[in-house]
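All chains are identified by letter, namely A, B, C and D, in their written order; residue positions are counted from 1 within each chain.
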Amino acid sequence: MPDKGSKSINTDQVKALLKKNRRSMKLRLAACAGCTLCAESCFLFMKKGKDPQYMPSYKVLNSLGKLYRKNGKVSRADLEKMRDLLWKNCMLCERCYCAIGVDLPRMIAFARRILRSQGIDGSYLHSLEAQGSKGE
Amino acid sequence: MIIATKKQLEDIKEMIKGYKKVLNVGCGGCTSVCLAGGQKEIEDLCTQLTICLKGDQVVFEINGFTVERQCEPHFLEELDEIVKPYDALLSMGCGAGVQFLAERYPEKPVFPALNTLFLGVNKDIGWYEERCKSCGDCVLGMTGGICPNAMCAKGLLNGPCGGPQDDHCEVDNEVPCAWVKIYERLKAQGRLDNIMKVCPAREWQDQVQGTLVLEAYRDRYAKKDK
Amino acid sequence: MGVRGMYELARGPLLWLAVVVFVAGIAYRIAELFFLTKKKERVSWPKRGIRTDSPEERKLRPILSFQHSLIGKHPVMAIVSGVFHLCLFASPILAKGHAFLLRQSWGVSFWSLPSSLIDVLTVIVLLGVLFLFMRRAMLPRVRAVSSLNDFLFLFIAAAPYLTGFLAYHQWFEYRTVLTLHMLAGELMLIAIPFTKLSHMVFFFFVRGFMGSEHSIARGDRVWSA
Amino acid sequence: MKSESNLEKVLNQGIFAVTGELGPPRGADANIVREKAKHLKGRVDAVNVTDNQTAMVRMASWAASILLIQEGLEPNYQMVCRDRNRIAMQSDILGASALGIHTMLCLSGDHQKFGDHPKSKKVYDLDSIQLIDMVRKMRDESKFLSGQDITQAPKMFIGAAENPFGQPYEFRVHRLAKKVAAGTDFIQTQCIYNMERFREWIKQANDMGLTDKVYILAGITPMKSLRMALYMKNSVPGLDVPDWVIKRLEGVDKKKQADEGIAIACEQIEEFKEMKGVAGVHLMLIEWEHKVPEITERAKLLPRPTCQ
């Protein structure tokens, strides 16, 4: 069970999860040519002034990509940065287009799963809404 | 997820005929996921309508804008400024989204571009199936996780009618009989007792508009009334 | 070891190594993709639910398909990228020099294009690389997802073409340039299966075999992991 | 006695009962009902009056039932769950009882998709078992489904249908048990052709003690022709027509097929008369009512008793 209160990251647990889908995820990460053609398929990218932080590939490379690059050795601060990318910047509507065929939503969903294992999830968005923030 | 599908283009044209400037509002929620009302479909419909309605003599402008979800007020706030110059709105959200838009902009005619079909699952890409009637009184625990209300053509609660043919529904031989499935699943789980007793008439919960205020929030809204 | 020694090495064992690694690497990637995916269970489509478009909608379909396509969405990028990738494949395969070497070594004859045409293709590749480089360096959104590696791979992709161009025009010392050309080509062959350049395999496999909203072909496979 | 039903009296006296069936017309002509009734009069103990069968609009079954009463027949008023919610059902039951209808049959009903208004809104507020339960409650407890009191309870002899050939087979007898538990007094079965399967089902019902609590009338529909047999075999949901029936009809001249169909039916009736757990037969001769005299005669079901 994820322990929400604890500050430390269970690296072994993260590593074990990363290992689970290592081959297919790394293959996808490797295939990404960084062409950014996926950007326009994300409606959030389009309505947030084409901010690169909303690009599907950006979200994936800086969450799941980073987790693999660092082989799970990440700090809570790292994960919290990813949290914004994975929950605030993505509705997981699964409509992103990749010219090469990388299925980005699956990768985002997998990254979310890893974060959840460390007690980090999208529930913070509700408190943002309750405070009157528009999630900007 | 709510499953919807686009109305026939002719019907949409008929609805918005005569309006010069139309805003086509997409939804990033369910209708995006079921490939009916996301950004891509918004673009498609704008293109189709522009080709069909715009003529040499006819002024017609349509623009698209996709919000996160049409069923939440704070996602619609963004539209308040945007909608101002438009004569009419077209919504590619589900029925709830259309109504919430119309409620927020009562002076603007709002038209549905989709038909909302059901609460269902994504069987495969582009293939959806109904699973839930949102009856408000779930019996899935008794029926082995198969809804007799949604999956049985007659919504029977006490076992199959006389008609299953080769384990399929008498109404449509492509549809498996819900009660045959319920029986088989409960049998496999050793829980057939569930359906051996007479299930009494249901107290339907869906005759009036559904409203839900959570216990924890009750005081909040009670105060507002005073 | 002098230039001559390097040349012999590049011409002989290294070429073999590169070709073997390339072929084996590609085969490995394809095998891996088959391993990581599985054939979808065949299910008959339920007739009852099919939504049919009206004739008018059907008539407009080509326009929408165009709009959805890369060329409709990003015309410049699509054309540049398309032409670039085409030349990238065509020029080495159809170069006269390569055909000559092939015949000399293995006695296999292969089609080739006039050298002057190959020269043009090579220039297009180099211009394409330049375009991609500028894009990566200048556009904020591309920079946002670029690392040093991305520039390095651009260089790896450009090197064989640049050296080939120099060799063909016999600028600089021919044998040195030719040796560099062969080494660069070998490096690229080795790099393709194991780096970002593996998108070559991925693209064809996934857009062709995998079922998704964006599949080009029917797509009757799904990821199993 | 639970009701003033003639059928109940016949069954209570242990007489092998015979019921017939009559489909109301697709029009307001009472004479059609009266004409059909003539064939049935004196030959059956009660006549099922179908309720918009196959979801085709027809004269209301209670109205046709009243016409039968006027003709001196006992109607078995059918009610389906497809078209009415519990309010309409209860009010119809009160009305039927007030007009002298004493026997009713509770059914789910054919889906509206089969009928002439396939896109009408379906009701199915209750299912057939819940309907049985409701009628029993109205009769025995003098209460509406809501629990409120009825000033005068409708005294109905409650019937239900069961299909021994429906799937899943093993559940069928349990579904019968549910209907018995809900309060049904008699059961009319789906048309029987597969005798083997029926024997098995009735044995299960006997073993479970159900036949002590409920009268079972075996459903009979003689084949008019080979074509009808093939249609019933291939196209009618929930029917089980074994090959021997087809073979026997194939074996005779086309003109003799109807005769052969009736012969088969008579053989079946002979067996049912001896079969433990079977209290009578239900003859379903839709649009073939004029053959009732012949069949009842040939099957030695006449004369019918007059019970007081």
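Definition applied: a contact is a pair of C-beta atoms (placed from the backbone, for glycine too) under 8 Å apart; a residue touches a chain by one contact, two chains touch by 3 or more.
Model, not experiment: these values are computed from the prediction.
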Target chain D, source chain C, minimum contact steps: 2
Chain pair showing more contacts of the two, A-C and A-B: A-C
Between chain A and chain B, centroid-to-centroid distance (C-alpha), Å: 28
Chain A-chain D separation of Cα centroids, rounded to whole Å: 64
Inter-chain centre distance, chain B versus chain D - centres from mean C-alpha coordinates, in Å: 41
Two or more partner chains touched - positions in chain B: 35, 40, 172
Multi-chain contact residues (two or more partners), chain A: 95
Set of chain D residues in contact with two or more other chains: none
Pairwise touch network: line, ring, star, complete, or other: other
Residue numbers on chain C that touch chain B, as the complex places them: 40, 43, 45-49, 51, 53-54, 56-57, 60, 63-64, 67-68, 211-213
Interface residues, chain A side, partner chain C - complex: 21, 23-24, 27-28, 30-37, 39-40, 50, 52-53, 55, 57-58, 61, 95, 97-103, 106
Touching residues on chain A, where the partner in the complex is chain B: 41, 43-44, 46-47, 91, 93-95, 129, 134-135
Residues of chain C touching chain A in the complex: 29, 32-33, 36, 70, 73-74, 77, 81, 136, 139-142, 144-146, 150, 195-196, 198-199, 202-203, 205-207, 210, 212-215, 223, 225
For the chain B and chain D complex, residues of the former touching the latter: 153-167, 170-172, 177, 179-180, 183-184, 196-201, 204
